Amino acid sequence: MSGFNKIINSYEDAMDGLVDGMTIISGGFGLCGIPENLIKEIKRKGTKDLTVASNNCGTDKHGLGLLLSDHQVKKVIASYVGENALFEKQMMSGEIEVDLTPQGTLAEKMRAGGAGIPAFYTPAGYGTPVGDGKEVREFNGRKYILEEALQGDFSIAKAWKADSHGNLIFRRTARNFNPMAITAGKISVVEVEEIVEVGDLDPDQIHLPGIYVDRLIKGTFEKNIEQRTVRNT
Amino acid sequence: MSGFNKIINSYEDAMDGLVDGMTIISGGFGLCGIPENLIKEIKRKGTKDLTVASNNCGTDKHGLGLLLSDHQVKKVIASYVGENALFEKQMMSGEIEVDLTPQGTLAEKMRAGGAGIPAFYTPAGYGTPVGDGKEVREFNGRKYILEEALQGDFSIAKAWKADSHGNLIFRRTARNFNPMAITAGKISVVEVEEIVEVGDLDPDQIHLPGIYVDRLIKGTFEKNIEQRTVRNT
Amino acid sequence: MALTREQLAQRVAQEFKDGYYINLGIGIPTLAANYIPKGIDVVLQSENGILGMGPFPRDEEVDADIINAGKQTVTLIEGASVFSSADSFAMIRGGHVDLTILGAFEVDCQGNIASYMIPGKLIKGMGGAMDLVSGAENIIVTMTHASKDGVSKLLSNCTLPLTGKECIKRVLTDLALLDIEGGRFILRERAPGVSVDEIVKLTAGELEVTGDVPEMIFEI
Amino acid sequence: MALTREQLAQRVAQEFKDGYYINLGIGIPTLAANYIPKGIDVVLQSENGILGMGPFPRDEEVDADIINAGKQTVTLIEGASVFSSADSFAMIRGGHVDLTILGAFEVDCQGNIASYMIPGKLIKGMGGAMDLVSGAENIIVTMTHASKDGVSKLLSNCTLPLTGKECIKRVLTDLALLDIEGGRFILRERAPGVSVDEIVKLTAGELEVTGDVPEMIFEI
């Protein structure tokens, strides 16, 4: 079974091969379901000039924000900047290039990147700055823009449970961009909360098959919350 | 909760509104995971001039083959004809028009139809008769053809378990085309083996959310097997 | 009197129908979940991947893995499902959500909407808004009718970068409920105590006013 | 001697490597699962939606809901996963499968393959073959070298409608193992007891033969 054992024992090994100038596709939404420890390892390595595709860029203190504060990032492909002052500042000042991409388009570009679909048409962004310079085409009387697939040298993601073959189960909204991000990286690295025995997961209930996972590592997670909202009743 | 109760009590009501000339998208692969009873109801209704999109057309005796034998079908969009003599005969004689579509393209066309993607590029079929008349475009030095989304007036499908809201779980390879077929129909009708209480299904383990299901009916199934292969050891 | 945030939420919730799947944007739209009319059931979609979003959790229920599109901790109702962002936006873009409610900086009488950036000043990002406005048939924009300085936000042509082109058909402001048809705003309802004249004055885009314009009705 | 079906399956299985995810087409390719070399593990993909396909079931294990792409009843191995056809072909088209083995009516020295219909005679349909040949980097076609009448199936140009264009790089026939490079077949191995001359005679497309061509080796 050695050929299918994806388990890596150190974060250093997990991110082995990442070098300056590479493109990373990351799962996570805000701070939910982010590959916390893989991001910290990239910070530790100090890899520079990275292009990062991720819905958000974390916060000033957590997640991908850690890479911004160390000036490791050259370009960000994201849908949302709000609530991340450092990201907004580096974007406004021109220090980093930002490709603002509608959230659904970003998810679909990652899916397409993993699915052998080089490009697709979407209505999102037609007639807006997102559509500038992109082909517009009409289907059934409606206008759409052409969006190309996104692929990365690495993808980094977080799942809940895995078996050693890399079969993955995500938990609640920590799923978000993680499944697609994993499929779109040449080398995909996934950290999980728990590794179970091969055969313990119901084949019908695996969210992402192990074929997409190159490296798997078990971590412990802070799971920071951006907006802790509660009710009293 | 009345607004979310999708349960229909008779097959007649389940297919209400289907009229001559409509397009039906069907789930199923061979005879596996096919909406057996919905097909029988269409046969009973005698609706004519149907366009049917489905990977196969069943066999001469089962599944969509039943609609071929009653000459209810005008056009078939499918990837595979083999092992269905009647289908091959009606195709060869020109009685029915057949749009042979690669299996992955067919699945993706259904997904696109449900997902608001009007068209996408795929390498499958480039340089073959499937690509005839379709736009060819190069991305990163490779050639692809443009394929358009598929939508139907009705979609018919089979799942394993559901709750009354139409949240669905499929079983084993009976999943096949069913999830995408359901999303691509203006009216989607799903038959299932079991209906459980709302709240009984784990939110993480629902294969297709109830938002896609308009009508839900509990049936009993023959589950015919095309190639019963066994080993002795 | 201009509507309060709570009243805006209350009025927009009157548009809910039994069996609707609804996506509520951040801010006022989210508040509408507190005013679902009696006797009807709706299911809330959150574009980060929930169908069946519930209220905020009790303190002891808080789960970092369950958040909404505004990154707030939430709960799941019975019958909820959770899915990936690609699946969530397939649902949205595919037109399966019955009603979408979101905020805006500006709308115009062509149905254009601007909501994601103010060049040189503010870059929020569009998040899922561009997908939402392009995917939904039925969209209500909730916003203030004019700035504090009395500058109209209901324009002939949006001045800010667009979130979506020719996609908005209904706007609820703190002063009025308006439809957008044939290149103009059509005044449907007034906020209680707000005059037609006041609305006309604060609407920069072409505005049609026909007959008596009723006041909004709020149940007590 | 031309290889038997079993020998074809056995030789093609020698191409398997530890950790390979493999899609086996209907017929001879499926038989290769019986000859996985000792000491290595492979996982079989079935394009109707299985990763981790197992052997045929015992009589009492037969499950109508578990079939392979050939509609045969099969089993799932430990660690298997099941998914939709869209997800299965995303996997295939996206190049995630390490090795694809399928049959053909004809191949030519441009790497074209024809396998799904004979106009006027036979319409099988392409099933997943067009997606498979367009998605995989690593494809082996298994076929007979020539018809029973001695008509070559390894051509300069396929005569039948194509399943894929310029996508085949390796062909295993009952007579030989050949690569396709630079617009010609390159003879790599001979079936035991089959002469180079015989292969040359039955190969219509341009064929390069360099040096001694070794015989295939079969473990006992």
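By letter and in written order, the chains are A, B, C and D; residue numbering begins at 1 in each of them.
What we mean here is this: a residue touches a chain if its C-beta (ideal position, glycine included) is under 8 Å from a C-beta of that chain, and two chains touch if they have at least 3 such contacts.
No experiment lies behind these values; they were computed from the predicted model shown.
Chemist: Work out which chains are contact partners of both chain B and chain C.
Modeler: Touching chain B and chain C alike, sorted by label: A.
Chemist: Looking at chain pairs B-D and A-D, which one is connected by more C-beta pairs in contact?
Modeler: Between the chain pairs B-D and A-D, B-D carries more contacts.
Chemist: Would you kindly say which chain has the C-alpha centre located farthest from the C-alpha centre of chain A?
Modeler: Ranked by distance of C-alpha centres from chain A, the top chain is D.
Chemist: Approximately how many whole Å separate the CA-defined centres of chain C and chain D?
Modeler: Chain centres of chain C and chain D, defined by C-alpha means, are spaced 55 Å apart.
Chemist: With chain centres taken as the means of their Cα atoms, state the distance from chain B to chain D in Å.
Modeler: That gives a centre separation of 29 Å.
Chemist: Roughly how far is chain A from chain D, going centre to centre by Cα mean, in whole Å?
Modeler: About 36 Å separates the centre of chain A from that of chain D.
Chemist: Can you work out the whole-Å distance between the CA centroids of chain A and chain B?
Modeler: It comes to 32 Å between the two C-alpha centres.
Chemist: Two-or-more-chain contact residues of chain C, please, as numbers and ranges.
Modeler: 76, 82-83, 89-90, 92-93, 134-135, in rising order.
Chemist: If I count partner chains per residue in chain A, which residues reach a count of at least 2?
Modeler: Only 108, 111, 115-117, 122-123, 170-172, 175, 203-204, 207 qualify.
Chemist: I'd like to see which chains touch which, written out pair by pair.
Modeler: All chain pairs meeting the touch criterion are A-B, A-C, A-D, B-C, B-D.
Chemist: Please give the residue numbers of chain B that touch chain D in the complex, ascending.
Modeler: Touching chain D from chain B are residues 29-33, 55, 78-83, 88, 91-92, 98, 100, 102-108, 110-111, 122-130, 170-180, 207, 223-232.
Chemist: Over in the complex, which chain C residues touch chain A? Could you list them?
Modeler: 46-50, 55-59, 62-68, 70-74, 76, 82-86, 88-90, 92-93, 112, 116, 123-131, 134-135, 161-166
Chemist: Tell me, which parts of chain A touch chain B in their complex?
Modeler: My answer: residues 108, 112, 115-123, 137, 139-140, 142, 144, 148, 169-172, 175, 203-205, 207.
Chemist: Which stretch or stretches of chain B touch chain C in the complex?
Modeler: Per the stated touch rule, the residues are 1-4, 111, 113-117, 163, 165, 167, 183, 198-199, 201, 203-204, 206, 209-212.
Chemist: Quick one: in the complex, what on chain D touches chain A?
Modeler: Chain D residues touching chain A: 17-21, 40-43, 45, 51-52, 76, 78-83, 89-97, 134-135.
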